[in-house]
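In what comes next, subunit A is part of two complexes: it sits with subunit B in the first one and with subunit C in the second one.
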Partner chain A sequence: MSSTMPVAAPAGTGPEPGYRGRRPLGRSLISRLRPWMLLTPALLVLAVLLLWPLVRVALFSLQDYGLKEIVSKESNWIGLDNFVEIFTSEQLWQVVLPNTVVFAVLSVACTVVFGTVVAVLLASLGRVWRTVVSSAIMAAWAMPAVTGTYVWVWIFDADRGVFNHVAQTLGLQDAPVNWFTERWSFYAIVLLNVVHHGFPFVAVTVLAGLLSVPNELLEAAEIDGAGPWRRFFSVIVPQLRQIFAVVIILSTIWDFKVFAQVYLMPGGSGTNREVLNLGVWSYTESFGQNRYGFGAAIAVLLTLLLLAITVVYVRTILKEDEL
Partner chain B sequence: MVATAALVALGAAACSGGGDSGDSEDGEGKTLDVWIMQGTNPSADAFFEEVTTAFKEETGADLNVEFVEWGDAHDRFVTSIAGGTTPDVAETGTTWTPEFADAGALAPLDDFVAEAGLGDDLVAGLVEAGTYEEQLYGMPWYAGVRSLVYNTEIFEQAGVEPPTTWAEIESAAKAIKAEFPDKVAVAVPGDAEFTVYPWVWGAGGEVATLEGDTWTSGLDSPASQEGLSFWTGLAADGYSSAGATTWRETDVLDAFAQGNVGMAIMGSWTPGAIVEANADMEGKFAAVPIPGKDGGISPSVLGGSHLSMFNTTDDQDLAFAFIELMTTGEFATTWGEQAGYFPGQTSLLDETLQSTDPLVAPFAQQFVEGGASVPVSPNFGAVQAKATTGTMMQSILSGSEDVATASAKAAEEMTSLLNGGS
Partner chain C sequence: MSARARVRGGRRPQPGVQVGKGVAVAALLAFTLFPTYWMLVSALDAKAGIGTSFVPAEPTLEHFRFVLTDGGFDVFLRNSLVVALATVVASSLLALLASVAVARFRFRFRTQVLMMVLVVQMVPLEALVIPLFVQVRDLNLLGTLTGITIVYIALALPFGIWMLRGFVAAVPVELEEAAYLDGASWGRMFRSILFPLVAPGLVATSIFSFITAWNEFVFAMTLLGGATENYTVAIGLRSFFGQHSNDWGAIMAASTIITVPVMVFFIVVQRRLASGLTAGAVKG
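Right after this comes the complex of A and B.
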C-alpha cells in the first residue's frame, strides 16, 4: 500500500493554472476511483471464477435442469418447486439436516477445544520442542482429506482393521463388528477424522494468539491471586476473542460442508441412507440423478445456512467488543 | 496484468478445443479424440499403440487415446457434454448409452453399420442395450458376465464339490466355515448390485418389467423375496463376514485374491486381476455358472461396453472407421482375450465359445445360456446412482430391516425412478 503514495503525489503537482478551479473535483474522482482501478483485475478474476458460478447455481436452483437441458442449453424454469420438494422431504428433516447440523456443532466444539488444549501445551514447551511438535501436527493438516479418510476407514475396517483386532484381542467383542453400518458409529469415525484433520489449524492459530498475550497481564493477575484456570478464562480467552471468532467461523464453514470424509466411507456414497448429509445429498442428486436443479437448490440452502450462521456469529462478536 | 493474461489464455484455450476441421475424405493431419475406460485390459497401453499405428495406416489420422477411471467417467461425460468438449468416440458402459442418447449427445450409428454390412453380425444382447428409440447409439464392443468363482484349495480341503443347486451352495458354505472359521465361506457384498440380481432371477423373480410405457419393479414379489432371502440368509448364517456388508465388488476381489474367500460372484474379467494382485493364486481357483435353485443356471447380467460416437465429432466417417477397427476382427478378438471379455461381434463370439479353458468355458456357458439384461431404460442410470439395490442389501445385511420391508422400499423407489420420478 505504501508504494502508491509517492505515485499519487507527483500526479497532483505542476498543473496548468487554467485548470485550477476544476482540479479538486477531478483529483478526488481519480483518487476515489484509483483503489477500484487497482482492484479491478482481481475483482474480474473473482467475478468470473467465484461470482458467476455462484449466480449460475442460484439460477439452476430455480429450474428442472437435467442432462437434456445441458445438451440443448435451454432453460426450464419451475420457480420454487425444488425448494418446496426439499422442505417437504422427510429425508431432510429426519436424516440430512440433523446429520449436518449436529455433526457440525460437535466437530466444531471438539476441534476448537482440542486445538486450544494443544495450543496451551505448545505454548508451555521450549522453542525446539515447540517447533518439532507443531511440525508434527501440521503433517495431519497437510494430509489431503481423501488420504486421511482412507486411513481411518482402514483402521476401522471390519475384517482387517486395527480397531476390531485390538477390541477382539482385549475381549471387548466376540466377532468383528462393521462400524460403518450404524449411523452413530459411522459419524463417530467421521468426527475423529475431521477433528484430526482440523485441530492443527486451530492449535497453530491459537498458539500465535497465546504468545501475543502480554506477560504483564498474566503476572498482574497472578499477583492478584488468580489461579491457572482463572487466568486462562478471565485473562487469556477475552484477549483471544477475535482469534476464536475466526477459527470458529472457519471451522463451522468447513464442518458444515464435509463431503469427502463421508462420501468415501463404506456406505457413505448412498447405500446407507441414514448417513447422508447436505453435501453428499446434493452431490448424489445432482450428478447421480442428473437433477442439477434440485442439487443446486440443496447447495443454495447450504450456502444460506452458512451465511446466516456466520452473520449471527460475527454480529455477536462485534457487539461484545463494543461493550 | 498477470490475471488478465491468464484470462485471455483461458479464453483462447476454450476456443481452440476440438478444432480439427477439414476435408472428411482423408484423415491426414487430423486427430481423433477417444476415451477408453481404465483397468479393463491390463495391457491396454501396448494394445492402443498397435491400434494407433493401424489407424494411422488405414486413415492417415492420429489417435489421441485418454484413459478414464470408471468411477469418474459418468461425471466426466456429463461435464464434457455440458461444456461441449466431448471426445469424438468413447467407450460407454451399456447402461449409460441410452441415457446419453436420450440427452441428445450421441450420433446414431445405423447407417454406418448397414454400410459396413455388420447388421447381422452383432451380439443381440448388446444391440438391445445400445438401442434407444429404435436407433442404435452404441456399437457392441465387448461384454462380460458374472459367474460363481471358487477357491479350489479351500474347496478341496473342506471336501466339497462345486455347487450345482442352491442347497449345495449352502452345504458347501457350511463345510467351508467348519473347516476354516476365519475365512469368508461365501462373499455376500452389500454394495454390489450385479451380484444380487442372479438370485432374484434364479428364483423366478424380475428386477423390473415394462408394460406399455410403465415400468414396474418386481424386487418385492414373493419369488424375488425368496431369492433375496436365500442370498442374504447365507450372510445371516455367518457364512459371509461383517465387513462384507459394505463391500463393493473390488473389495470382494481383494479378499478373494488374498485367499480369504471360498466362493463369490465374480466377473469373467477378474481371473487376470486376481493373479495380478496375488501371483500365488495362479491355478488355485475355478468357476462354474451360477447354480439355479434346483439345478440349471441362474441368469446373470451381461455387462459390457459400447463404443459411442458423440455428435460433437467433426468427421463421422473417420470416427466410425475407428469404431469398426476396434469392434471387429483382430483387434476385437485380442482385446477380449487380454481383458477376459467376450467380443460383441457374433462371428468372433462363436470362436471364443469353443474355448476349453477352465476360466473361460464356464463364463461362456453362463454368457450363452444364462445371460440377462438390466432394465433397458435411460433412467436405469439413476437407479444405479441412487444405489437402490445396494441400499436394500445393506439394510438387510446389517439387520436394520428384514427382506420384506427392504425389498418393498427398493421396489417402490426403483419403479418411481424408472418412470422418471425422483
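Right after this comes the complex of A and C.
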C-alpha cells in the first residue's frame, strides 16, 4: 500500500497551489477505502461478539430455551410468554424493579452530590493537598468491584466484622447484627460500596470542569455581590451543565447494571429472593434454573431500559459537538 | 490542570474555614482509604477474623504465602496475566486502526459507526452472557483461556476506540500534511508521525483494557465454570470461602494481590482519566 502512491512533492517548498487539500486522482479510491480497511477488523469483532449476541438474546427471549435446546440447538418458540410471565409476576413489581430503579436513583443522587462536594473541596485546596486527596480518591476508584465488595462484606461480617465490633463497643447494639438478611440494610451496604467506588469519577470530572470556569466570571459575580453559594449555583453550575449531564447519565447507566456488588454479597446470588435486581434475577434464572429463555427476556428488559437512557446520553453529546 | 492551581473561596483564609476544610479533608481521606487500609491490615494480621484490631495484632506474611502456594493463586495470577496481556495487545491494535479511521477520515456511515461504538458500551453484560455462553459452548471453548480472552477483546474494544479517537484527533493534521509533502506514504506517515504521537494514548488505553480483563467477573464465572486450573484471579478468590466459615486473612491477602497492580496503573494514568472518559463528550 505504501509504495503505490505517486508522491512528487519537492521537500522544503511551501504548499503548492492545487496540491494541498486536493489529493491526486490516483489516490482517491485508496483513500476512500482506507477508513474501511482500518475499521473492518474492529467491526468484525464487534459484530460477532457484541451485536450478534444482542440479536440472539432477543431471539432467546421469545423461546422456552433450556438445557435441552442448548444441546440440540433447536428453537422452541413460545412468542411473548416469557414477557407475560415477567410482567405478571409479583417478584418483578414487589422486589426486582424497586431494587433496581430505587437503588439506581438513590445511588446516582448520592454519587453525584458527594462527588461534586468533593470536587469543590479539591478546587479550594492548595497544590500539595489536592495531589494527596486525589491520589486517595484514585485508590478508591481503582479498587476492583470484586475485591471491593469482599472488603465491604468483611467489614460488615455478622460474626467478626469490624462494624459490628465497633457498634457494640460504642454500646449502639447489644449483639452482632447480620446486616445481609434484611433487604434495606443489604442495599444500604451496596449503596455504600457503589458510592465509594463511583464518586471519584464524578469528582475528577467535575473538578476538571470547575477549573475551566473563567476566573473573570466569578470575580464579576463577586463584585456584583454574589456570595459563595450564589456563585456556585448561579455561575458555576450553569457553566458545567454539560458535564453534569454526562456524569449523571453515565452514573445512571452504571448503577442500573450493578451486578457483582450484589451477587457477591451473602445471599446475593439468588438464595435471598428479597434482594434480587434485574441483572442478578436474569443471571440466576438462566444459569441457576437453566431457564435461559426467561433469563434472556429479563436481560432484554434491562437492555431496553438502558437503551432509553443511552438515547438521552447520545443526544446530549450530539448537542455539544458533531461527532 | 494542577499547574493552574487556583485558590477559590479561600483568597483571604479565615481560621474557621481552614479548620472546617481540614476536618473535611480528614473525613474524606478516612472514608476513601478505610476499605483499602482494612484490607491490608487483615491481610497482614495472623489473627484476622479472631479479634478486631486496627493495626495488625500479630504481623505476618503467612496469609500471602498460603494464598500463593497452597491457595493456588500463583496459577490464577498467571492465567489472569496471560488473558489480560492478550486482551491488551489485540484490542489496542484493533482500536488504534479503527480510531484512526473515525478520527482522520470522513466517510459514509461514520457517525453511525461512532454511535454504535458508543451504544454498545451501555449493553449490560448480563444480556451478553447468555448468548455468548451458548456461542462459546458451540465452539467447544468453555473452560478455556482462549474463550474468555476472545470475549474480553470484544468488551475492551468499544471503550478503546472511543478513547483513542480523542488522542488521534489531537494530533495536528498539519504534521501529517508536512509528512506527505516530504514524500511520505500514508503507511510511512502512520508509522513515523501518528503512532509515536498517539503512543501515550495507547498506553492509557492498554491500561484500561488490562484492568477490564483483570477485574472481569461475570464472564469468568460463567465461561470457566468448573475448570479450576484456568480460573482468573477475580473468581479464584471464591475458593477461600468455606462452607461454614471464611478464611478472611487469606481472602484479604488475595484481594490485596489483585488490587495492587490496578491501583498502581490508576495512579499512572490518573491525569488522563477524566479527559479520556469524557473525550468527545465534553470539551473541557
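As a convention for this text, the second predicted complex is superposed on the first by the 266 of 323 C-alpha atoms of A that agree within 3 Å, B and C clash if a C-alpha of one lies under 4 Å from a C-alpha of the other, contacts with A are read in each partner's own complex, and residues count from 1 in each chain.
The rule we apply is simple: a residue touches a chain if its C-beta (ideal position, glycine included) is under 8 Å from a C-beta of that chain, and two chains touch if they have at least 3 such contacts.
All values derive from a computational prediction rather than experimental measurement.
**Q** Count the residues of subunit A touched by subunit B and by subunit C, then name the partner with the higher count.
**A** Counted on subunit A, the partner with more touching residues turns out to be C.
**Q** For A:Asn178 in the superposed arrangement: first (subunit B), second (subunit C), both or neither?
**A** In the superposed model, A:Asn178 contacts subunit B only, not subunit C.
**Q** For A:Thr271, is the partner it touches subunit B (first), subunit C (second), both, or none of the two (neither)?
**A** In the superposed model, A:Thr271 contacts subunit B only, not subunit C.
**Q** A:Asp157 contacts which: subunit B (first), subunit C (second), both, neither?
**A** So A:Asp157 meets both subunit B and subunit C here.
**Q** Touch check for A:Phe103: first (subunit B), second (subunit C), both, or neither?
**A** After superposing on A, A:Phe103 lies clear of both subunit B and subunit C.
**Q** Quick check for you: in the superposed arrangement, does A:Lys68 touch first (subunit B), second (subunit C), both or neither?
**A** first
**Q** State whether A:Phe287 touches subunit B only (first), subunit C only (second), both chains, or neither.
**A** Both partners, subunit B and subunit C.
**Q** Looking at A:Phe244 after the superposition, I want to know if it touches subunit B, subunit C, both of them or none. Which is it: first, second, both, neither?
**A** neither
**Q** Can A:Arg127 be said to touch subunit B (first), subunit C (second), both, or neither?
**A** The second partner, subunit C, only.
**Q** Could you tell me if A:Tyr187 is touching subunit B, subunit C, both of them or neither one (first, second, both, neither)?
**A** Neither: A:Tyr187 stays clear of subunit B and subunit C.
**Q** Which subunit A residues come up in both lists, the one for subunit B and the one for subunit C?
**A** Subunit A residues touching both partners: 41-42, 45, 48, 70, 157, 160, 287.
**Q** Quick check on the complex: what are the subunit B residues that touch subunit A?
**A** 1, 3-4, 6-7, 74-75, 78, 81-82, 99-100, 102-105, 184, 190-191, 241-243, 245-247, 255, 260, 381-382, 385-387, 390-391, 393-394, 397-398, 400, 417, 422
**Q** Residue numbers of subunit A touching subunit B in their complex, please.
**A** 41-42, 44-45, 48, 66-68, 70-72, 85, 157-160, 175-178, 180-182, 266-267, 269-273, 284, 287-291, 294
**Q** Considering only the defined contacts, which subunit C positions touch subunit A in the complex?
**A** 1-2, 4-10, 21, 24-25, 28-29, 31-33, 35-36, 38-39, 42, 49-50, 52, 94-95, 97-98, 100-102, 104-105, 107, 110-111, 113-120, 122-135, 137-138, 150-151, 153-154, 157-158, 161, 177, 180-188, 211, 214-215, 217-218, 222, 234, 237, 246, 248, 251-252, 255, 258-259, 262-263, 265-267, 270, 273-275, 277-278, 280-284
**Q** Name, in rising order, each residue of subunit A that touches subunit C in their complex.
**A** Counting only subunit A, the residues touching subunit C are 1-3, 5, 7-9, 11, 13, 15, 20, 31-32, 34-36, 38-39, 41-43, 45-46, 48-54, 56-57, 60, 70, 73, 118, 121, 123-127, 129-148, 150-152, 154-155, 157, 160, 162, 165-166, 196, 200-201, 204-205, 207-212, 215, 218, 228, 242-243, 246, 250, 253, 256-257, 259-260, 264, 278-279, 282-283, 286-287, 292, 295-296, 299-300, 302-303, 306-307, 309-310, 313-314, 317, 320-321, 323.
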